[in-house]
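Below: one structure, written as structure tokens.
Labels run A, B, C, D, E and F following the written order; every chain starts at residue 1.
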Amino acid sequence: MNAHISTPLKIAATALFLAAPLPAAAETTEERLKRGDAVIRSLNKGAPQPALERLRREFPFLAEATEGYALGDVWSRTALDSRTRQLAAVTAFAALGELPIMKVHAGYALNIGVSEEQLKEAIYLVTVTSGFPRALAASQALSELFAERRSQQ
Amino acid sequence: MNAHISTPLKIAATALFLAAPLPAAAETTEERLKRGDAVIRSLNKGAPQPALERLRREFPFLAEATEGYALGDVWSRTALDSRTRQLAAVTAFAALGELPIMKVHAGYALNIGVSEEQLKEAIYLVTVTSGFPRALAASQALSELFAERRSQQ
Amino acid sequence: MNAHISTPLKIAATALFLAAPLPAAAETTEERLKRGDAVIRSLNKGAPQPALERLRREFPFLAEATEGYALGDVWSRTALDSRTRQLAAVTAFAALGELPIMKVHAGYALNIGVSEEQLKEAIYLVTVTSGFPRALAASQALSELFAERRSQQ
Amino acid sequence: MNAHISTPLKIAATALFLAAPLPAAAETTEERLKRGDAVIRSLNKGAPQPALERLRREFPFLAEATEGYALGDVWSRTALDSRTRQLAAVTAFAALGELPIMKVHAGYALNIGVSEEQLKEAIYLVTVTSGFPRALAASQALSELFAERRSQQ
Amino acid sequence: MNAHISTPLKIAATALFLAAPLPAAAETTEERLKRGDAVIRSLNKGAPQPALERLRREFPFLAEATEGYALGDVWSRTALDSRTRQLAAVTAFAALGELPIMKVHAGYALNIGVSEEQLKEAIYLVTVTSGFPRALAASQALSELFAERRSQQ
Amino acid sequence: MNAHISTPLKIAATALFLAAPLPAAAETTEERLKRGDAVIRSLNKGAPQPALERLRREFPFLAEATEGYALGDVWSRTALDSRTRQLAAVTAFAALGELPIMKVHAGYALNIGVSEEQLKEAIYLVTVTSGFPRALAASQALSELFAERRSQQ
């Protein structure tokens, strides 16, 4: 992938992923949660995820599982670079029809330098993997995301 | 992505994708089919897909749609490089539980220089996108593919 | 639909559907089961479904639900003619990736005069509704059915 | 399961389930519908389901199938106690992403003495069976239900 | 199928389908797009699809794939008559839970002479193919469509 | 739930669940893995899961995620008793069509005292949640499990 990303984000991402060890037996859950928090911040312009913060109050185990397992254990791994991972995840979420989370991860992808054109390609693949209704629904969610970004600038 | 691929395949792929225009209004279906055939060959070590050839006899429209649309129109596009596309497609097929086609596309991915480690990462993502049964089933299909490749060497 | 069906089957089907009342409040479950059995026989060349007979021994409620509800209540309804119903059901089963039952219902469709070409069309629709992996898998199941039919002649 | 339920509901449920025979051949559809109505009332604090009542006008067969088959035949069975059934059903609806009906059945579960904590556990299982997007979406639907209940008190 | 359709539409449809050749190798993409446009107009009372027109601006490839492949190549085929195709497609979309597109295609079905009763039957089949939550959700979408049609008269 | 389970297993299960704390921040991954191993053994007659052992060699992260997260974090939780959890999981796996893992968890359910009748009920629920094809396929997988158990005695 040749997308251009801003240098500070590139450095942050590099630092994060160089620092990310494979989950070791001696690692504590606190360390896993911290790594999950660092992953979110590397994808979300340094900020935590508001939805995750709300989740903590009512579904504490789900919030911890998302932060410790999904983000801290899986999303922190380094065999895929983070733009490839975001594109693969966006394709999978769109293919499954999981649109709210697709929109969140497409936003993360934009934050780390994936282009709008590349996200559209992921949707075009979905016509092949899952048919036209899912691709059309995903295009609408992506369109909303693009509009929100433009209105924030 | 930094995977190393053999030079002849790299040249073939480059030639293909430089030559691949956006579907133009004046383009004939014959040209789309030819482009689909070139995509397959660029992913399949220069050979056609045997399953596609069998399909032609009994389901000619489906064979033509696969070659002309899925491969010729979608898979020939150039906004994603072909290794990123294969990784995104493998992730989506695994997330959907579409294992026979996942195995075919994981094999294509290996052919163009994606590593076994990167394919395993795609499966690890699936625990998050679709849960553990789909990830476990996909790991088994991938394991069969790796074993077949080793027995062919 | 203009498919040609043999006269005896046509009469059997007509008799069945003329006789099929909407489920009435006074109707007994025995009557519903009988109607389900008549539906199966009208689709299966006068014979019962062997898989349903096996089911009775170990999963009696599921066998009764299939016969009384799925066949006796739903499949006996008359607002869709039975060839349209079989084509719609085959399309839905293929779209969902439910292939063993798709094969059974595609066989019933052939029995009542739906052509192989029409069944192939249902599979072609599936590329649009659900993507290429499901359509390709369904084409293989249909191909097996066609081969079994030819070997029985 | 050790959940505490109020005595009147417990008696109602016991009476219902002691009275529920396996669907017998001589049973009429009217009797099946009546049993379905009793199941709904046992889960819905003695009241009928408003959505089912609306359905009767425009989709009479679907209303009757829901009441006669889904509730009268399946949900009235006694090999699972009704709290275990509601928890299994809520888990399955959440795992499938069928959220409006999950919310209805989670409300029934609360009505018969399943605790909020137990419903949250069902959602936590869904991270394993179906991945994080479905679990997160289900947690949001459950959160809405809990809020509605609190605002009604 | 015996549904009554207005004569002008019948003529338009006949003209379209007589004119629709199998995709030939020499055919241009422009011709495929034109045929897709004719399919839409034959289903949509002579008008283009507004959603498709909006799609062109932001997702041009997806708009072209929908028009050229889904409509021009698949939906223009003639082995199924168009009312049977619409009923099969509505059943499949409902079975998959793809409701916005189900509503669009149910509207097309009404436009070419499928009755409300026949569309309801498709939903009743879905209780068997995919269970009650999907059938109930589809009945609600269909109910909205019927209400919109009545309010437009 | 009133199922009868053998006393030694009951003690093992009780010991396990009394010992199972909520994942604490200071807990190490080694402790989580140990707890996952104890969960498997409590469900599998004291033995480890052979499939999990095979997975370790080729997909070490997936094996660790299954043991540390799915079993150690989720399956060790105590707000649902383990028979209710197994019934809910079997229902969800059957509803999703994830049959190999359904069979494994149905076997665990039998090991801890869930009856064959209760497992059949879970399958009957699936006709409502997901339709008849999934229920029929799950009944076949369950039938195989029951036969395997009988042949081992």
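In this section, a contact is a pair of C-beta atoms (placed from the backbone, for glycine too) under 8 Å apart; a residue touches a chain by one contact, two chains touch by 3 or more.
Predicted model, so just to flag it, every value in this text is computed and none were measured.
Asker: Chain by chain, through touching neighbours only, how many steps does the shortest route from subunit D to subunit E take?
Answerer: Minimum step count, subunit D to subunit E: 1.
Asker: Between subunit B and subunit C, which partner chains are common?
Answerer: For subunit B paired with subunit C, the chains in contact with each are A, D, E, F, in label order.
Asker: Between C-F and A-C, flag the pair that has more C-beta pairs in contact.
Answerer: C-F
Asker: Averaging each chain's C-alpha atoms to get its centre, pick out the one most distant from subunit D.
Answerer: Centre of mass proxy via C-alpha means gives B as farthest from subunit D.
Asker: Same or different interface residues for subunit A and subunit F, judged by whether over half of the residue numbers are used by both?
Answerer: Same; most numbers are used by both subunit A and subunit F.
Asker: Farthest from subunit F by Cα centre, which chain is it? Let me know.
Answerer: Relative to subunit F, the chain whose C-alpha centre sits farthest away is E.
Asker: Provide the C-alpha centroid distance between subunit E and subunit F, rounded to the nearest whole angstrom.
Answerer: Here the centre of subunit F sits 44 Å away from the centre of subunit E.
Asker: Using mean C-alpha positions as chain centres, tell me how far subunit A is from subunit B in Å, no decimals.
Answerer: It comes to 24 Å between the two C-alpha centres.
Asker: Taking each chain's centre as the mean position of its Cα atoms, how many Å separate subunit B from subunit E?
Answerer: Here the centre of subunit E sits 31 Å away from the centre of subunit B.
Asker: Measuring from the mean C-alpha position of subunit B to the mean C-alpha position of subunit F, what distance in angstrom results?
Answerer: The separation of the two C-alpha centroids amounts to 35 Å.
Asker: Which residues belonging to subunit D are in contact with no fewer than two other chains?
Answerer: In subunit D, residues 61, 65, 69-70, 74, 77, 93, 96-98, 120, 124, 126-130, 132-134 touch at least two other chains, as defined above.
Asker: With chains as vertices and touches as edges, which is it: line, ring, star, complete or other?
Answerer: Chain contacts: complete, every pair touches.
Asker: Under the touch definition given earlier, write down the residues of subunit B that touch subunit C in their complex.
Answerer: 51, 55, 58-59, 61-62, 65-66, 70, 93, 96-98, 100-101
Asker: Per the contact definition, I'd like the list of subunit F residues that touch subunit A in the complex.
Answerer: 22-30, 32-33, 61, 64-65, 68-69, 73-74, 77
Asker: Under the touch definition given earlier, write down the residues of subunit C that touch subunit A in their complex.
Answerer: 126-134
Asker: Where on subunit D is subunit A touching in the complex?
Answerer: Against subunit A, the touching part of subunit D is residues 97, 120, 123-124, 127, 132-137, 139, 143, 146.
Asker: For the complex, which residues does subunit D have touching subunit F?
Answerer: Going by the criterion above, the answer is residues 1-2, 69-70, 74-75, 77, 79-81, 84-85, 87-96, 98, 115, 117-118, 120-122, 124-130.
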